[in-house]
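Two complexes, one shared chain (subunit A), two partners (subunit B, subunit C).
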Partner chain A sequence: MTRYLLSRVGQAALVLWAAFTASYVLLQLLPGDSILIKFQNPELGLSPQQIAEIRAYYGAGDPPLLDYLNTLLGFLTGSFGYSIDTGSPVVERLAEALPETAKLASAAFVLAVLIAVLIAFAASYSRTSWLRGALLSVPSLFISVPAFWLGILLIQVFSFRLRLVPVIGGGELQQLILPVLTLAVPISAPIAQVLARGIDQVYAQPFVPVIAAKGATRWWILWRHVARNAVLPAMTVAGLTFGELIAGSVVTETVFGRGGIGRLTEQAVNAQDTPVMLAVVVLAAAVFVLVNLVVDVLFPVLDPRLKAAS
Partner chain B sequence: MKGGLILSWLVIVLVLLWAVVPGVFTGYDPIAGVPAEKLQAPGAEHLFGTDAVGRDMFARVVHGAVHSLSGAFVAVAVGLVLGTLLGLLAGSAGGVLDAVVMRVVDVLLSVPGLLLALTVIILLGPGTVNVAIAVGIGSVAAFVRLSRSEVVRVRRTDYVEAAFGSGGRFPVVLWRHVLPNSLGPVIALAALQFGVAILAISTLGFLGYGAEPPTPEWGLLIAEGRNYLATSWWLTTLPGAVVVAVVLAASRISRSIAKEGP
Partner chain C sequence: MSLLDVRDIAVSYDGRRAVEGISFTVEPGEVVAVVGESGSGKTTTAHAIIGLLPRNASLDAGQILLGENDLATWSARRMESVRGAQIGLIPQDPSNSLDPVKTIGAQIGEVLRIHKRGDRGTIRRRVVELLARVGLPDPQARARQYPHELSGGMRQRVLIAIAIALEPRLIIADEPTSALDVTVQRRILDLVDDLRAEFGTAVLLVTHDLGVAASRSDRLVVMKDGRVEEQGTTREVMSAPAAEYTKRLLGDAPALSARPFKDAAAAEPAIVVRDLVKEFRVGRSSFLAVDGASFEVPRGTTHALVGESGSGKTTTARMVVRFTEPTSGTVSIAGAPDDRRFRRHVQLVYQNPYGSLDPRQSIADIVEEPLRNFRLGDRATRRARVGELLDRVALSRDLLTRRPRELSGGQRQRVAIARALAAGPEVIVLDEAVSALDVTVQAQILDLLEQLQRDLGLTYLFISHDLAVVRQISHTVSVMNRGRIVESGTTRQVFTEPRHEYTRELLAAIPEPVR
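Let's look at the complex of A and B:
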């Protein structure tokens, strides 16, 4: 067990380091020098010497390997450099944006799981085949809907037509409803698909008719026996959606005009703010790697059969 | 064939025709509008209504097909070629090369597709082709994984052993036996990725990194319609519905290919 744990942690750290290195190399390859673009503007009236000083401040003149090691050391000690766009430390901008996105993403994740469970349970519980077919095709519809369009549609229906949710103002909770729904819908789809498939597979196992013969109700079989066995693969997929939560926040926060990591990303792309982009990419990779590490480690705890195997 | 599958093929063929011969489907100009006819609701005259400068929305959606479809083709081509080559290499060579390629895939998978695409866009700059390449790079990992597992599966079969046994050289066996027999699921994935690419390209277009206005790219159409949400629902709803239909059709076709072969 300890060996399994150590090797998984090592693997995760390796992937994270590689993700950092790859995005560092990519973003440093940038043909346009974003510092020059920003400060060479004649209106600023900076002398070449001053620009050179600014470049030194951002560490732009350092040899590549030294700069790489400096940046890596910075990331390990929690200093992500300075935003080229605003000049403020990237850590500050991240810290400012993170709580907003964390709120949005965690609420969306909970809602996505609820929607997924609802769809999968209803589909496997329904006896009419057309209803079951309709429920099972809901996830592929959810996946095919552009998130930005869904957000706009929700604003149109709930804010402008029904006037249920105010466009501007309103309580914090009210403001969260539509963005959370927008972010949750596409994420619920893969979880629902895997959960429904898992439930079907467990139903095919011989222990199910045995329990039914003993007099268990359909609901009891589904809840106590089938769902418990079907939940593990769904957990893996749920872990994989965490990266999509961060990516989805780019679209959701833009559509709803919210601040957060997604908005920060959009601004960074527009301003070619490579230090901010690097931090966001590494953050997304870190969240993804960490969550999946936790899922992997939890697996044997949740399923004693796996513990026996390892 | 089931009804849904036929409908899916119809949608794809229709949209392909939009891209090739848009003039057959609409007589209106997608760029030049008639200001007097601005913001008209959908009707017999204007199927999808008109926008704020009096352009026919249906004409814009029809003429926009070529941008979204060609972008998606480029994206899938990038993912398919790069991914399949890497997967073929990793699966047939094995050993250190295999391990290195698969770790690279792990890294690619750890960064969400949209962020990967945005990183590539920072690097290459905005524009239609760059967006397509960015989306394609995001799909490389999926193609590598699938094609590698297919190659590993086919390699173990008797006929490949026999081909090696009868003196076939490695690259020849790879080309004549392993590649054709690994292709089915890869083509199914390509069909799926086609829909995913249309979705991603419209998202990047919506965010403003793709085509420049007044190009009628689908994502951009929806972005432009946002300013008229309260009054003109058709500007955003109808182009979006077209995107959904195309993506759904692509995923339905992909599933049928995965099940029954191409």
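Let's look at the complex of A and C:
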């Protein structure tokens, strides 16, 4: 078990380093120059010499490998450099944005899992085939709904028509409802699909009639046995949806005008603020890797057969 | 009054009638065996009684009287109180019949919890008692283990413990031992017998194995195509079968038809295996799957490798056909080239005729493939050869354009044999080639194999766990146990004068009326 854990942690560190390096290289290759975008503005009235000095200050002239190693060292020691756009440390900007997104994303994730479980359970529990078919087609619908459209639709219906949730103002919880829903719906779809399919596969296993032969009710069988067995592949998918969660928060935060990592990303891209973009990418990768590490570690706990293998 | 009185039941799948007019009774403490081939409706009948028909099936007519209650009229809800408490089930395949993520103790205790028999402590004690009762050593430790940590025989004991936990009046045993080795099968059937004597439980034994049915039941119900062909006391049916079908079944069952032994011909050896060793590494440790196996097969004869699961017989076969590299030792096949043309000379037929044919290819393509691979002949001659091959294995040429799923199990195995013959091999390795087939189909395939051997002078290496089949087809036998060949000789010698203890145990485990 310890060896399994160590190798997984090692792999996670490797993935993080690869993500950092890949995004560093890509950001370097981007055409355009963030410093020029900001300081070449004629209104600022800076001379070419002054701009060159600013460039030197940000280390823009350093040889690429040296710059790479400097940045990597900075990341390892927790210093992500300075935002070119605002001049403030990237760490500060992240720290400001992170709690908002964490609230939004974690609430959305929990809601997504609830929706997924509800759909999958209802589909497998229903005996009417048209109802089952209808429930099973819900995920396909959910996954094809664009987040920006859903967000606008929800605002239209719940805020403007029904006036249930205020657009501006209101408590923190009220402000969260619509963005969380917008983010949760598309994410719940793959989890629901995999869970429903997993449940169907487990139902086809020979051990299910044996449990029924003990006199168990349908709910007992579904809850205590089938769901337990079907949860593993769904968990893998749930871990993978964290990537979508981060991507989805960009759109959601923009549509709802919320601050957060998504909004920060959008601003950084507009300003070609490379240090911020790099930090955001690495942060997203870190969260993604961490979540999947947790999933991997949970696997043998949920399925004893994997304990021997690991 | 009978314990169970099944009157004229009918079951349909998706509106198509599968089982009709089934009537029989089970008296208290009696063993009634329902025998039949696959598709005869025996399992459907059993599932109808315990109310476990799949969703697309419906019980259309008839009564299922358990004592005074007609279960056929009961709601699913109400059946839950009967299942487990009054009717227990021993399922077919112990390997997949336990929930893999729950402990053994939890799964036995579950039936007590569902029917609310005692608190946690009482249930825990009762679980340990039950595990001890079904003969599992160290029951306390077993209760904490998971299914994958137990062998097939042990899992079947756990399933029996579940079935008897509430001392039901009736146990439905659905092919309880067909997935088990013969020696394990015998011990499990003995255990069921003991428990029946102890609790006075009646047993409805569903099986395709006439040997098991004949040796373990008081009465027999013979089913075919969803109907009862014949029923009566086991003694009557076995000694004087009335229905034509029963007679054929008895004649085809290799265990029951005592054919004369084949005597080995004196011919030069076609296969010579010397000191074959195969070592497998599992993590840091290793184990010997095959440990110094040596045997010779004279040309034009059949040599059987018999043994139970894990004996190393399949690994040996794989080394003979060069799918696995031996750790040491040699396999020489007379006249076989060393390069890719080796496969023209030596062919393999697998156990599973469903899995060994590409479902997307037509039968013609499947049989033609070896000819294409070895570039034998042009299109027209290949097509002609495929037709001949189908004639050889007694399949209609109408099947050429069909796909494997449109064929029966026996037909598929004929296709697999035709494919093996295509490139004109001299040696064919048959790995459990008839084990998945019903007895009548099995008998036909065995006849076909014998005829092909006579006509084409083929040499067979026949891998099987089924001693009755081995007795019928093979000239010489090697008995394998834990990687070693413990006994070798002519089939007559091995079956009539077994020298090794393990061989004697294997032979003794064959169900009673056969010996």
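As a working rule, the second predicted complex is superposed on the first by the 309 of 310 C-alpha atoms of A that agree within 3 Å, B and C clash if a C-alpha of one lies under 4 Å from a C-alpha of the other, contacts with A are read in each partner's own complex, and residues count from 1 in each chain.
Convention: a contact is a pair of C-beta atoms (placed from the backbone, for glycine too) under 8 Å apart; a residue touches a chain by one contact, two chains touch by 3 or more.
The structure presented is a predicted model; accordingly, all values stated were derived computationally and were not measured.
When subunit A is checked against subunit B and against subunit C, the one touching more of its residues turns out to be B.
Applying the stated contact rule after C-alpha superposition, one finds that A:181 touches neither subunit B nor subunit C. When the shared chain is aligned, subunit C comes close enough to touch A:228, but subunit B does not. When the two structures are aligned on the shared chain, A:303 is found in touch with subunit C, with no touch to subunit B.
By the touch criterion defined above, A:199 lies against neither subunit B nor subunit C after alignment on the C-alpha atoms of chain A. In the superposition on chain A, A:120 contacts neither subunit B nor subunit C. Residue contacts after overlaying the shared chain place A:238 against neither subunit B nor subunit C.
In the superposition on chain A, A:214 makes contact with subunit C only, not with subunit B. Residues 47, 50, 52, 55, 76-77, 80-85, 87-89, 91-93, 96-102, 110-111, 114-115, 146, 148, 159, 162-163 of subunit C touch subunit A in their complex. Contact residues on subunit B toward subunit A in their complex (touch as defined above): 103-104, 106-107, 110-116, 118-123, 125, 195, 199, 202-203, 206-207, 209, 219, 222-223, 225-226, 229-230, 233, 236-237, 240, 243-244, 247-248, 251-252.
If you check the complex, the residues on subunit A that touch subunit C are 127, 205-207, 209-218, 220, 225, 228-229, 302-305, 308.
Those residues of subunit A that touch subunit B in the complex are listed here as 14-16, 18-19, 22-23, 26-27, 29-30, 32, 140-141, 143-149, 152-153, 155-156, 160, 243-244, 246-248, 250-251, 254, 265-266, 268-269, 272, 274, 277, 280-281, 284-285, 288-289.
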